[in-house]
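Here it is, the structure, as structure tokens.
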Amino acid sequence: MSDALRRRLFDQLHSLTIVDPHTHINPHAPASTTLVDILGYHYYTELAHSAGMPKANIEEPGLDPKEKTRRIISGLGPIENTIQYSWFIEIAREFFGFQEELVTTKNWEPIYDAAQKKMASPTWADDVLKQSKLEAVFLTNDFDDPLAGFDTKKYVPCFRTDDLVFHLGKSEVRARLDKATQSSVGSAAQLKTAIGKLFQHFKKNGARACAISIPPDFAPTKIELASAETAFAAVLKEGVNAPVERRRELSNFVFWTLAEYCVEFKLPFDLMIGVNRAVYPTGVFQGMDLYDSRVSLIQYKELFNAFPQVTFPISVLASVTNQELASYAWIFPNVVTNGHWWYSNTPTFIEHDSAARMEAVPRTKQVGYYSDMYKLEFALPKFAMYKRILAKILAERYVVDRGWSEERAVAFGTEILRDNTRRIFYAD
Amino acid sequence: MSDALRRRLFDQLHSLTIVDPHTHINPHAPASTTLVDILGYHYYTELAHSAGMPKANIEEPGLDPKEKTRRIISGLGPIENTIQYSWFIEIAREFFGFQEELVTTKNWEPIYDAAQKKMASPTWADDVLKQSKLEAVFLTNDFDDPLAGFDTKKYVPCFRTDDLVFHLGKSEVRARLDKATQSSVGSAAQLKTAIGKLFQHFKKNGARACAISIPPDFAPTKIELASAETAFAAVLKEGVNAPVERRRELSNFVFWTLAEYCVEFKLPFDLMIGVNRAVYPTGVFQGMDLYDSRVSLIQYKELFNAFPQVTFPISVLASVTNQELASYAWIFPNVVTNGHWWYSNTPTFIEHDSAARMEAVPRTKQVGYYSDMYKLEFALPKFAMYKRILAKILAERYVVDRGWSEERAVAFGTEILRDNTRRIFYAD
Amino acid sequence: MSDALRRRLFDQLHSLTIVDPHTHINPHAPASTTLVDILGYHYYTELAHSAGMPKANIEEPGLDPKEKTRRIISGLGPIENTIQYSWFIEIAREFFGFQEELVTTKNWEPIYDAAQKKMASPTWADDVLKQSKLEAVFLTNDFDDPLAGFDTKKYVPCFRTDDLVFHLGKSEVRARLDKATQSSVGSAAQLKTAIGKLFQHFKKNGARACAISIPPDFAPTKIELASAETAFAAVLKEGVNAPVERRRELSNFVFWTLAEYCVEFKLPFDLMIGVNRAVYPTGVFQGMDLYDSRVSLIQYKELFNAFPQVTFPISVLASVTNQELASYAWIFPNVVTNGHWWYSNTPTFIEHDSAARMEAVPRTKQVGYYSDMYKLEFALPKFAMYKRILAKILAERYVVDRGWSEERAVAFGTEILRDNTRRIFYAD
């Protein structure tokens, strides 16, 4: 009974056309060109590396895509259990006609060839969007991205601000800022003006969010301009070697400035909280970051209170922070729950975390899922994973436990999966 | 099979007459007089506010109850998914004959009118108690509550001590203390004596517990009288502006004094651990508090060791602290698990937390649930929610997974739900 | 359907002969001689004590085993709900022909007598191993254990190092070290040499792991020899009263030295992270330890990066640390998930924690379970508990949710339960 119920709910949710509110898609090359674009995703390289494959095997310079694909596949045996592996199988099946259970060094070539053929089509990216029922995907754009040469309705710009908040000590970042804003930023006041120009640029080009990922020890606070000037002077002089306290003040000044512009430009500010970068510095590309789960949203108390006009869609890296997220979204009108991020994007955590949000956060304040993908082919299996879990929760905890009709359950799921993304990111 | 099993277990648990060991009931007005007493519960106002309803709409002074009810109902649409909303629907159905799934601005008036009629009955409070199968409810009494004019067997006094421990810096609190104890408290020694008088007063009037809610950073420790005198002198002189260290010492002195009197007066000391007050100071009434989940029961090590004669029924605000609670109750004879508090009082957390306690804490040391209600009508849906989860756990984890008989499962549930409250709070 | 599926998967997993990779078995007396060896396990004494049995009842000197058994049984009523109690019942049934549901003061004597008779057999330990399908069990050996007089293939030595890392301040520990290494350790350099001798001794005698349990506030870091000399001198002079900073440096020096020898001697280094010792110092024997769950694997960042050649099978005491463990094992090639330790060794936590690991950690890097037992009779019920949960996860999350064949699910379970122990601990 419950299995059939889950299937029925899934089928209805799966029929919806949606917007993916957070990805790392390159709008100039949104889809893969060979299978290595799929298997080069850090989940495969880092898991294969964790299971024993030498980094050099994967990252050898000048490696032919087909050879690299073969090598990665030869290292996937030990990760066949993982949910990430299942995404790959679902891609192979849904897009490339694969019909077996496992991809091995014996049966991979036909997939590679089939993929290459399909990916060669000039309509491939649109084909993938269509098959995946995606009408738009949000991007992650560097602050100096020209945002030109692509359809910003389909590939929606988002202003990613990590570099500005955390890396102004690097001279190359400051040089990029100068160039992007056609200015010479020599003071905190000028920095503020320059950031305003970036907002204008992004807003003019259809940006729908400002976004940032944040380490666990950051606690935003307002910095007065005078202190910011001192801090910026220190950073200009000593760069990344400036005293940690000065750098922290500058980070806070920039962060607060971003929030202020989010008011002015009516942009939600996506906070992705909890990542420590380069914990494993000799890991594979993009497979070096981890976290300290001892973080609290109490660190954002001052921010949430200071900016009631800004919506903060929040992702937390660790499932142990999810209850705080649900509680803060239940109390603060400007806090919204946003997807299941990275190390929490696996079924056991998604199920526990979603279920907790669904029963305590207003239904209009939950953005259920984003794919976080680098290539379009991943939206389908990642969203499908989420929708299966969503259907399971709706079946077990709403239809069975609470006696809801299936219609009502699907309507709730539809809001979380589809409608709230429009409601929150397209509010103005 | 499992659904039918769950229902059978629920039906048996639901037939029990119980004591509710923690509420905020006003014994002089225990039940609601109009529907606004139900919908004015902070869960509805804060969730509706979080979903977009302006605070002024709800808190406009002099608002007519019916108009306020209409306004709140008009803001409930976005929270129809929440478990709190389901409590309201269950109240409307069980007490007021409502038969639909959702209460809206179109169908609410008949409920309002039906409620008003029923609530006008002089026996309404007793009717609710009877229908809810409650024989007694524990109160939350200010330290200066006269405890007069009500049946203390039915409405059982509890000595709430937050003001004494955390707010002696406020002159009005000290004035209330002087008045209540007919003394002039000018020293720590006199403070101790005065608190003793309060214990006498509460004990004489049938109090069954001393209780307090505690912020996450508090770690009780013994303070010698000499230090307490210095601390109290500083607080007398500077009030809430006394140095934080002095205020903390005074808090500790009072806290420790309470525990000492709990020995003398044979009262359990309910600790509700983990709340930060006024995190969102512009929120609606009672909708401002949140928490930092980084708290540990190791902070209570000294206390638990120092007072083996005192039973500490403990509630934790965050589910991530629940494993510690279960472990400490498994090791310390004087630690008891107590209910599912506030932000952890939603089904996903109750299920995870209860299941963990049930399999590792002696069955005699688990107080399953309390309603925390302000009006009597809430006991029914809140306890029903808990009993459904309890029945689910007993069905799945005991009858199915461990092969227990249904009889044995019900007996275990009965202890958690009913018997331990008597065992622990009526021990002397 | 799902129940039958779970049973089929369990039956296949239950048929495997396995190695238990962590126990506290005394190889000279591996099995029990009377029922008191079973019921004297700290789980029973501490839970009975927590539920009200005075410590003196249990720990009265010179108590007759049968009388002590009777006393403990008389205190088990309040813990009949616990999973630990179910282990005892399963032992009584599987080994001693007990057929009832509960052991009470009325029916215990036949079990006692049956046990005594069976335990008197000279083949009892081997009988238990055989019935429990165990081919070997890992030990926990003090650093000065002679490792003589037993079959080290069946009872596999492990070098337990808590005393060296955390207790060198005690003169008796240093005396034991001098004796075991036939040296007079008077400097950090000599300490390093002495530890090398211990590794030689253990490796020569078939040790398969170095192991340690660690308090939550420890964060290993490399200490230069010069600093270590200063630290060791302070500890030699002042013992356990040496400044905490010096003692911490010495701990770090020894810890790092152990890791260095693990490279040289090709031994995995089991880390059991998170225990606070003697939180309840007046508790029963072995029933005094608890924890502060605020710990992070980020504390081990330097260690994991410094020793890529060492495999670290890691156990965490609190379930809230499990996601970090899964994530670190997903990224770091040298981090392996290891069992379900102590306060996390109860079904609700095992289920949540295993499920999370199984879907995100390479299948080759998960050591599913160890018994942690002191007497051989406990392997059977503890592993059976784990296997039931493993079968449940495989049934629900792999066969049902992900469409795996039962064969594939069993193969995955077999690796976690059996193969990885060989793969990881018998690698050289």
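Letters A, B and C name the chains as they come in the text, with residue numbers starting at 1 for each one.
The criterion applied here is as follows: a contact is a pair of C-beta atoms (placed from the backbone, for glycine too) under 8 Å apart; a residue touches a chain by one contact, two chains touch by 3 or more.
The structure presented is a predicted model; accordingly, all values stated were derived computationally and were not measured.
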Quick check on subunit A against subunit C: do more than half of the interface residue numbers occur in both copies, making it same, or fewer, making it different?
different
Which rotation angle, from 0 to 180°, best lines up the CA atoms of subunit B with subunit C, given as a multiple of 5?
120
Quick one: subunit A and subunit C, Cα centre-to-centre, how many Å?
39
Residues of subunit B touching 2+ other chains?
294, 320, 352
Write out the stretch or stretches of subunit C touching subunit B in their complex.
3, 46-47, 49-52, 78-84, 86, 101, 276, 279-283, 287-288, 290-294, 318-320, 343-344, 346-349, 352, 388, 392
Looking at the complex, which residues from subunit B come into contact with subunit C?
294, 296-298, 301, 304-305, 308, 320-321, 323-324, 326-333, 352, 355-356, 358-365, 397, 400-402, 405, 408, 412
